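Each in structure tokens, the structures are laid out below.
Shared between the two complexes below is chain A, which has chain B as its partner in the first and chain C in the second.
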Partner chain A sequence: MEPSQNKSSSLWQTLFGHPIRAFGVVSLLFLISLAIAPAKNHFSEWRHYQKQYLVLIRGRGDAITLQRHLQPGIQQIWLPELGVVDRCTSCHVGLKEASLADVTTQPFRRHPVIPHTIDQFGCVMCHRGQGAATTVEEAHSSTLAWEEPLLPARYVESSCGQCHRVPLTGTPQLNLGRQLLARNGCVHCHTVKLPDGTTMKATDDPPSLVHIADKTTREWIYAWLKDPAAYAVSATMPNFKLSDDDARDISAFLIANSTPLPGDTAPVAATQKAPDPTAGASLYGESFCASCHAVQNAAGNLVGGDVGPELTRVGSKVKPEWLQVWLRNERIYDPPTEMPHYRFNEQQVALLRTFLLNKTDSDLLANVRLDAATPEQIAHGKTLVTEYGCASCHEVGGIKKPENFAPELTRIGSKPVAQLIFLPGMQHTLPDYIAAKIRNPRSFGSALKMPQYTFAPSQVDALTTALLSLTERARTLPAALAVPAPSASTYQPAGRAGQLMADLGCFSCHAINGRGGDMAPDLTWEGSSVQRPWLAEFLKNPNTLRPALIRRMPRFNLSDGEINELTNYIMTVYQSPAIDRDSMPLSGYPAAQVEQGRQLFYSKYACQSCHIVDTKTDKGYIGPTLTQVGSRLTPAWIYSWLKNPQALRPGTIEPNRNMSDEDARALTAYLATLKSSGKPGTKVARLEARP
Partner chain B sequence: MAKTIGNYFDELRGTRVWRSVFRGGTGSSTLRRSLAIQQNVFLHLFSTKVRRRMVGLSATWYLGTLTFGTFLILVVTGILLMLYYHPSVPQAYADMKDLQFVVSSGLFLRNLHRWSAHAMVFLVFAHMFKVFYRGAYRPPREFNWVIGIILLLVTLFLSYTGYLLPWDQLAFWAITVGSNIASAVPLFGNKIHFLMLGGNLVNANALLRFYVLHCMILPLTAILFIAIHFWRIRKDGGLYAQQSEPKTLAARAAGSAAAKGAQ
Partner chain C sequence: MTRLITISVIAFSIALTGCARKTASAGGPKPTAWGAAIVESSGGKQAGAVGSLLEQPVVVQVNDEQGTAIPGAPVEFSGPSGVSFDPPSGLTDSSGQFTTNVMLGGMAGRYQITATTLTKAQKRVDLKLEEIALGYQEQLGFQLNDKYCARCHNPESSPERVSNYDNLEVKPHAFTEGDTLNKMSDADLTAIISHGGPALSKSPWMPPYGYTLSKSDIQALIAYIRMVSDPPYQASGTVYAQK
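Here is the complex of A and B:
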């Protein structure tokens, strides 16, 4: 100890013993420390990467071009009106170099082709991170002074959603997520205000529970509450993980709270004899119930549409009396339902009722034994229904729909990470938090009310993407950048025809003036398009126009009066201002012109590639069959359509062939001669019957 | 070696240029020395003659000098930082980021300013403790102690106003809390609060006010009082070292000063 202490003290003496020597030593130390700053500046990461880039491009054929493109020094994309200062291009120097397609090492990869240029929006707008930073760590990660790290690539579509409210073809995940948000009823409890000031609307239609006792039994409610997926794999209702007692009490309350509807309890009409079981199935098929309702097949796959509820085990659910009333006219029980009023006759009602009631699952209610409900149980059930916010989705008699039942998600995509409480072992990032919340909400606390959904991993990602698009930035962007969704049309046809169209649920499948579904053709200009006799006949006995399709419009057993009403309305109101129906005659075209049109059809334009005129020779299965098009469409419509199909029906796949007026006129003349021989529809029906 | 440097320095002092600037010539006579001090606008604040013992480390630990040193660093780095900083709400934080990421040695500049500020507050306190426990505040130096207190307050205000300028969350909430303390003053509390912030909340006006205070008013006040402080050292009999005190003063203090035991 002693010598070393001596030694160190003698070193001290040497360096600082004399004031002038001490001054010199301190000055030297000061100079060295001052030199550190410029040295750090010189050996910066971005300079290192720019040097590496030069090495990378040295051996390439286009090295000179690449080198000319490279501007040394810190680069930035500065967009003041967007608040963008992105210096990412200081290291990512090859982003715009198309010839670097083969380079896989970052930061030199070129950017994949996107609809925007990089200089238009910068980098952070889509990828997040800290654009101002010039070091790898600060730019990419969450640091002490920056919360928002890079967005993982699999959620990057969310950034498109900041401006684009309309579904884009390039963002399937975002589109799916938004659809799921609306369809799974997330927005019943969570308010989501969109940047344009509107509030996101749910697209599911949770049934009213006001008359629930008419429809089903307490046992079924109990089983459903315990596990909705056990009844229907496609159930959108989540699992609230209720205890046996809670499910018992809620079912007791819902039954006790239900008020009967007159007529629902009418006894089932006695069927004379057991109906042919295949007749029910074929009526189910002919009525195209499967267009909206799905049924699980033997392999466990859902077959059918997802507009209406799944019917796999419907016989275990509904009461026969209720089903009878529903099949006669579902608008008695549920006036705004999307289901068409089929106008079934009593025999058909009995057939369908028996067919549906046979769809049971004996396991579903096997273990449900419920004693008569006590007043305490009913009262407790009411408390539970209020606490779980059932009325957010369902109409429940005597309970008001709660306001802001769950946290608002309007700005969830920008939620500061510091405000989140993570689970042990979780990555501390916003996307991981959102995904974990969706995957298993109760893992964040057993007392939380949010129920358990059964989402596939891809759906969780999609939902997370949709939620991440709800950023603060989306709300502060210049209004000119927003690509808003078209405002939902509230079009309502007038008069008795309007009532009839509501009753038939036309808008469930057809769109008119921007309102309605996309299962069937848009009817906005239907009056200009079709000929009246054809329309009347079609409404009486619908057939399919497309050879590759089996699905067609169901038959609604309309009376002649109703058909007349509808036909008049359609032919009068749904007229395109661009088409004068009477400008071209229905027939009487010169034979030479017809022949010219026929040749154009088969040779110049090769229409038979997609359409069928002669069922023996033509093989076109893409477009509608044209065998009787002269009876169906007006020549004025045909002419306009040939000139520019997209103008009449945006998005139609028929190409615009830029026909001359003469060609179009000749083709129209030819097509106008293709009249139906006898009863319309027969020829097509024959075609359909062919294997 | 030391001698050689001294010789060079003497030669330098003998040149015409030096003499035209500093007037006092070479030579180490008392007259020359006092002229050299008195004829310099900066040095005239200091005593013409200082005992070697009193500039030894043990006399003051150089705490006052070090404080002044940090102040000089702060002035220099502060002026450089002003070249990059806009006291406006949309720009202030972005300027911090620019200093950190694109200005050459900007991070060093900012850190130097920050650490010097911390060091200055520490050194001011250390200086005061030293003065207090040495009993150097006693007559005839009592007024210089008062000026020292004013300088302490100016230092603290400089620190506080500088804290808002990065315009981050830490700054915002620190100033919110700090200004709310001011509003607890009886009767005038809210007026003071409003006057400080130029409004009821920490916002653009507060940022501008704090900037003006931090870069203009408070530094000028500090320079003024530092000058008085130094000048009073000379007028009050030079740096305090125990043995240099007149016997009468030392005896008068001996009775009351408990601080004496602390040594």
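Here is the complex of A and C:
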């Protein structure tokens, strides 16, 4: 150390000992410092990549064009109204070059084809990262806590969701994530305000617990609370990981708090002799209960729909007295239920009740031993119900729905990493944080209340994507960029027919004027489409038009008066203004035109590839069977449909053939002759028997 | 001089540790058996969105010379950068199989992944598999195919959807059949999809979609068809093989 100190002091002497020499040295240092910036610039990464790019394109056929496109120096996309200052194109120089499709080295790949241009939106709108940075490290993986690193490709659909509120065909993961957020009740506890000012709504319908003691036992509640998936693998209620004592006390409170509802139970006559169990199974099948309710088969797979609850172990849950009334008329217990009122006769009710009560699982309640509840337990149960926010989802007598029970997620997609607490071993990024929270919320602290869901990895990714779309940016974008979802329809059919449609739960499967499910055809223009006698007969005795479908319209055992009421309403109200149903006759078309239509059907348009007219020769399975279409549809509808199917039913897969008026008229004439021979439905019924 | 020696010693030891990590990378439990061959059981040639987890896991099997499955043999997966495996390595189970979940890389294209086992003589035996990552356009094409085309073009049925393939008098090709589809130019594909079979003097059983789908939809379908064709369409080929 000593000598070097001496050396430096003597260096000082030689350099600055003399004023002129000192001046010279200072000027030199000044000059060097002036040169630092240009030198840094000269050795910068973007310059290096631009040089590499020139090497890359040198041998290509269109090298001259490519070179002309390349502008040397730092490039910038500046979009003030979006807050975008992106210099990514300084290194990613080939993004817009379609001819570089075969190049796979970064940063020179052409941008994959998307519906937007880079000049329109820049880069960070979709990919995040630091647009203004000019080094690879800073642009991609900013380590500063308040800045955003690049968004991993698996979540990139979240960026589409900043503007697009309607589900896009190209963003399946985002669409699924949004659906899961609504369907799994996340938004019961977490408020999500959308940029358009609305609040995200849940689409599940957790049952009211006000009269729960009429429906089930305390033992079942206990088992369910401990592990909902043990009762139903498809349960959407998450697991709260309750201790035995807590589950005991909550079940004690819910039973004690339940009030009886007059008329929702009825004694099961002891004299009734046990009905034939196979008859119950066939009635369950014929009523197409499986369109909405799933049951686990022997292999453990769920078979059936997910509109209603899973019924695999329903016999271990419901009380026979309650089930009896529910099967007679479920609206006594739950007026707004989506389940149709089937109007079963007493014998059918008994068949189904017995069939369902046999679906038990002896393991479920085997170890549940509950002593009579003490007042302390009941009081503690009430405290727990409040603490866990049960009333966020369920109606509980005497407990108000809590406001903002869980943190609001309106801006979760922009949450700064500095505000997050990570677990050891976790990557410090927002997507990783969100995914870990969804996967295993209590791992962030045992005192946390968020329950445990059982999501598949792809569902976690989808949920994370949907949450990442909730950004600050989405809220500040120019309003003109937003592609809002159509506002939810509150359409309500009027009068007695409207009441009947509510009672039958038509909207659970069919949509009308924008409201309703998509399991069955849209009925908005049904009155223009079908012929009255067919509709009346169909309501009485529905037969499927599509043998390949497993979900079908059930028979509701309607009275003639009810059928008349519904038919009148549909025929008068659900009329398309674009179709005059009387503009073409039901029959009487010239034989030559009919024959022309038949040939068009089989040769020019090959309709038999998807439709069946002659059950002996035609096999097409995709579209509805047309064996009796002349008795079912009005010729005016057939004609308009052939001319432009999507105009009548947006999104239908029937292709628009751009048919001439003459062809469409001839085909209509041919199809109009395909009448049912005798009783409608017989032919179709035979079809159904095919494998 | 002493400096030089120190530096070379350090460099050497770094190189050594690097090597050491490589040979020990099988990690985990010690192999109890060795095979002679490694074959695919399932999971190759899947298509998923870029960066996504493939729907089905990849399952490989280690066999001996006679083709008998070998439990307890080491298997290690590797792939181009961006692809990840969970778990990346381990031993074959009691039926001689090893299962891993594959997460695709962030760029669209065909990814070649490699499953490796070791023989008794510590010789590497590789199995190369290919997985396909769909970019936005191909993903859109996949969705449109699923809605409009698959019922005729995919012979496989599911309980939710019965295939119409068997009902067709003229049989279409699955979009993976590169031998046929690669011979068709983009213009050919656009023509038959837009105007139906007769546009290429084929059967009208192939309907026209030019008045139902937009131009960009049809381009997306073609991009999808090109991406999944087997053998690969020359313009795409395998994009990401291991360096």
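Definition applied: the second predicted complex is superposed on the first by the 666 of 691 C-alpha atoms of A that agree within 3 Å, B and C clash if a C-alpha of one lies under 4 Å from a C-alpha of the other, contacts with A are read in each partner's own complex, and residues count from 1 in each chain.
Keep this in mind: a residue touches a chain if its C-beta (ideal position, glycine included) is under 8 Å from a C-beta of that chain, and two chains touch if they have at least 3 such contacts.
All of these numbers come straight from a predicted model, not from anything done at the bench.
When the two complexes are overlaid on chain A, chain B and chain C sit side by side with no clash.
With both structures placed on the common chain, the touch criterion links A:T134 to chain B but leaves chain C unconnected. Of the two partner chains, chain C is the only one that A:N656 touches; chain B does not reach it. Of the two partner chains, neither chain B nor chain C is touched by A:V55. By the touch criterion stated above, A:V85 is placed in contact with chain B alone, chain C being left untouched. Contacts of A:P38 after superposition on the shared chain: chain B is touched, whereas chain C is not. Ranked by how many residues of chain A each touches, chain B and chain C are led by C. No C-alpha atom of chain B lies closer than 27 Å to one of chain C in the superposed arrangement. Within the complex, the chain A residues that touch chain B are 18, 20-21, 36-38, 40-41, 74, 76, 85, 87, 130, 132-135, 138, 145. If you check the complex, the residues on chain A that touch chain C are 101-102, 104, 106, 109, 112-115, 152-156, 169-170, 172-173, 303, 457-458, 461, 548, 550, 603-606, 609-610, 619-622, 646, 653, 655-658. Of all the residues in chain B, the ones that touch chain A in their complex are 2, 5, 94, 97-98, 100-102, 104-105, 107-109, 168. Touching chain A in their complex are the following residues of chain C: 49-53, 55, 101, 103, 105-109, 135-137, 139-140, 143-144, 147-148, 151-152, 159-162, 164, 166-169, 203-205, 207-212, 216, 219-220, 223, 235, 239-240.
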